[in-house]
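Chain lettering (A, B, C, D, E and F) follows the sequence in which the chains are written, and residue indices restart at 1 in each chain.
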């Protein structure tokens, strides 16, 4: 028996923890139905290398993972692009298959 | 010099920490040879938004990442689909290339 | 309005925390401009299943995520392949699209 | 007669006020306020878990040392029976109430009912502070009852969930059995009790600077965190209907009344009885959520934690404990 | 006259040496050395945060108990005004200095300026140890000033950032306002102060074995960690120019001088004044970084944390505090 | 003569029983049982690391204060030499034994050998409790020997690994050198020792409520966690052959016998000697695993941690320590 997979988009954002709420507000505004937030330990980007700032969460980063339909992904990217002018962050988009299409 | 990449499937599961063992048992039953478990900080799904429940790990989620062959991926999805009827969780499947084909 | 996505490669490494520095040195040597390090909770591989070792970080693993150009990805894989002879670790490569091509 | 009742009531009110203005409750209120105002105040999760382990170790050990002094108490067995009756009976009442008065489905009602049948260790710890000040010392074996009462309600909840969804929603199994009988707080409480009973006064002397002197201070820091957590749970549960909120406020009173009746039957003294009543009136937020997650995966933990942590816990900590103690003092004689 | 000044200087030097060789400073030095040598010594982040909460709870509570004794101090209001002046004035001086002498852009300069206008709770705590030993007890209300002085500099920094980038770089908003007025350390300090003031001696007695006796030891462990962190920040900031380093060493002296003038105007005694001067000379590394991250996202935190934690904090802990205390003793009379 | 030996044995057995029934060992047993039963009892990792730092800081500081009292001990230098001999010699013996009696490959045998040549700080700390009670006070400088003995075995293990795989498997380098000479526990132990020696009695008085009074209680909580961890390691290492298990039980006896001979040569008193013997008999689970991971990446840590934590640590804590102390008392005179 083989199951059919349904094509969706996997959006991955790396952003600063203090701005998470603002990014999630964009996701909510577009009706994203699911996402997962993961912690990051450190990294490097245009603003140099970083590690967690310990006593304050001012330099912590998180990864947001959201699997959405292609149309929704496109809409989201337009808004995220605007946000990236103001806030730090990067976005990656890739293809995934899901089992239960009505959920994503 | 260019290295040949071998095509494999990247299976990504988001599930509740208390059910991890049951999911891993499915992976083990199919002879999956490698996987990695990552912590999640929070998220949203069909059962609403969540954050870690602190004193009890009852509402913690984890992400399981397993890179497997295409056949194995298909077999796994059939069993996972059954499990999803009973337990909460989502699965995403995508394409990856690996260097050492004998390991995956 | 639709935004153009630019094709890049998503390199994902799972490696032992004590060797992170040596892996990052390879990335730096090739001029990788951005990466993110994520913690792992446990997993299974050719050296058996593991969980964090608690009092010493000797058996902790991390996931390194780097989005790079295709050429860079190829160069990196050659060096990583050499490193894998000596150190434990696995690498997965997949396709992603990014918004701001000049950054990756 | 009337005169003395007046005096008694004045004493009760004074004691209640003293508890409300104790550092322990004030730090809880501080955390609760910070949480409601969405302040960035937060105790790291690992530290909160560490403090919680400390409190259980300390309270268990002290109970054991007490038992070492007192020897086996004849009322112990009767209290065990009373605890079992409460742990199995309260979920039935709670389930019926939830199904009658609220819109919760069978699985969710069963899960919530299990939470109320079990107990809250922190509520118990806070109650010992109040009881020791107002009613004097209590029997050490009550700590064994604390550990004992964590479990039966889980079984009751599970059976209710099975009835609600004929075999589909609720599962027994190895993982669940471990969670039920070997969950961390049961093991730590009973283990520390045993170690306290074995090592007695000598053990106590060597550990007192760790488990006795700083106890109240640690409790304050822990309750600061519990305040923040309770406020968050309350906010997460904004979808909760007025009827659910009413359940969260009235159910502890019903359970406490049942507990008082059982305390009378078991022949407990006022101080020990007050703690038993508090146990009945309190709702679990550690052992039961973990067990329910495995046993009834489709139940939504937002309801049970919203009710037990967001509503019942703050109620008990501030008003419930003094009330239960006053009632126990009246009924069981102080 | 000259004779007595000599004696006074000998006393100062002795006191400074005693502080430099106190366990508190030595453990900081140990951590700092370990950090510079890139040793694997590390206090887990959650534990460090827990220790920091403990210190704030303890210092706040003790301040509150003091206030309960002393009643409302007539100098309190004057000190509040002095704290506001410092919190708003120091960032202006710092901003001007940074723009004149270093290559920092407007947003970064504004962010750093805000850090120096605010205060460092740990520097304050370490100063209380030195001051109590050398100048005797201080007014409990100064803890309220600590909490108060965390905030105004954030507002000043924000206005500076707005001027620097006309509305683009800096944002007001709900999240920021919460960070400013309800940030964790403000809430915990003021809340504990209030609880200490309410519960007074009775509260103190019950919490002393937790918040008083082990206080200095906890401070040692915390400063061990701060040493490691400060060394890391210093290394991360290797890109820092000599001019920036000079700013990190001289700015505290300028702020402290301003603080001393304000302490004279407010009529503070030597011990309380020494603490006020230390507050002015210290730079934030908890509240302000968090607020600036939200308010001025494009500013690079490597500068502000490199300066405040990597340079100014070690300077203050070792040389600054004895210096400020000596100056306060001279000017305000010991 | 025979009579007195009988009496001596009765004393030994009593002391051993007292240790086996001390809270410290009982809490370890509780954790171990919980771990074997796969209970959900777990101390958060960050808290366990924090407790471990506390124990090292406290034991180092107390050792330093002792050294401040005693001045430089003439036996110190001889003990340093004895420690070096043990640290370099034990790995050779262990390696030969592993290669002869078990199926471990060269790299794995070298890694395990390094673990047994180094020491376990917690075993040492638990031994101080037993030794102080049965043999009286020990020389403070032994803490310096603890720190010293962490390192040489790493070098020995590395050379063995190199011989086993001609340059391929084992690497020297900056990261490794840091791990060897600046690993966290070495730095913290030696640093605290130095700070204790500098600040002496005055420092001790100010820190005692933190590092002395609650010490034993903290040790109990830490050993609860060590019990859980040891049980898990034992279960992870189920693949271990009987011969490996035998190695884990016999090797500490061999090392301890060697240590006793060295203690005689160094002229140690019974109490100090008992601790030295315990150090030789114990196996590392903090410093060496970290160093071996970098130095011999292809070695499987499941063997070394399974043996040192899962088998040798529980053995030493329960039977080893009383045995070593009794042997030291006999041979070195009590």
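Criterion: a contact is a pair of C-beta atoms (placed from the backbone, for glycine too) under 8 Å apart; a residue touches a chain by one contact, two chains touch by 3 or more.
None of the values given here were measured: they were computed from a predicted structure.
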Shared chain contacts [subunit D and subunit F, defined touch]: E
Those chains which touch subunit D and also touch subunit A: B, E
Taking each chain's C-alpha mean as its centre, the one farthest from subunit B: E
Of D-E and A-E, pair with higher C-beta contact tally: D-E
Chain whose Cα centroid lies at the greatest distance from that of subunit D: C
Computed distance of Cα centres, subunit D from subunit C, in Å: 47
Geometric centre distance via CA averages, subunit F-subunit C, whole Å: 37
Chain centre separation in whole Å, for subunit C relative to subunit A (CA means): 18
Contacts with 2+ other chains: residues of subunit D: 44-47, 49-50, 209, 213-214, 290
Set of subunit A residues in contact with two or more other chains: 38-39, 94-95
Set of all touching chain pairs, with the criterion as stated earlier: A-B, A-C, A-E, B-C, B-D, C-F, D-E, D-F, E-F
Partner subunit A, residues of subunit B touching it in the complex: 12, 14, 38-46, 61, 63, 74, 77-78, 80-81, 84, 90-95
Subunit B - residues contacting subunit C, complex: 1-3, 5, 8, 10, 32-39, 62, 65, 67, 94-100, 103
Touching residues (chain side subunit E, partner subunit D) in the complex: 44-47, 49-50, 53-54, 57, 61, 178-179, 182-184, 187-188, 191-192, 194-195, 198-199, 203, 206-207, 209-211, 213-214, 290
Of all residues in subunit F, those that touch subunit D in their complex: 21-23, 26-27, 30, 33-34, 37-47, 50, 209, 213-218, 220-221, 224
In the complex with subunit A, residue positions of subunit E that touch it: 45, 48-49, 52, 168, 175, 229, 232, 236, 285-287, 289-290, 292-294, 297-298, 300-302, 305
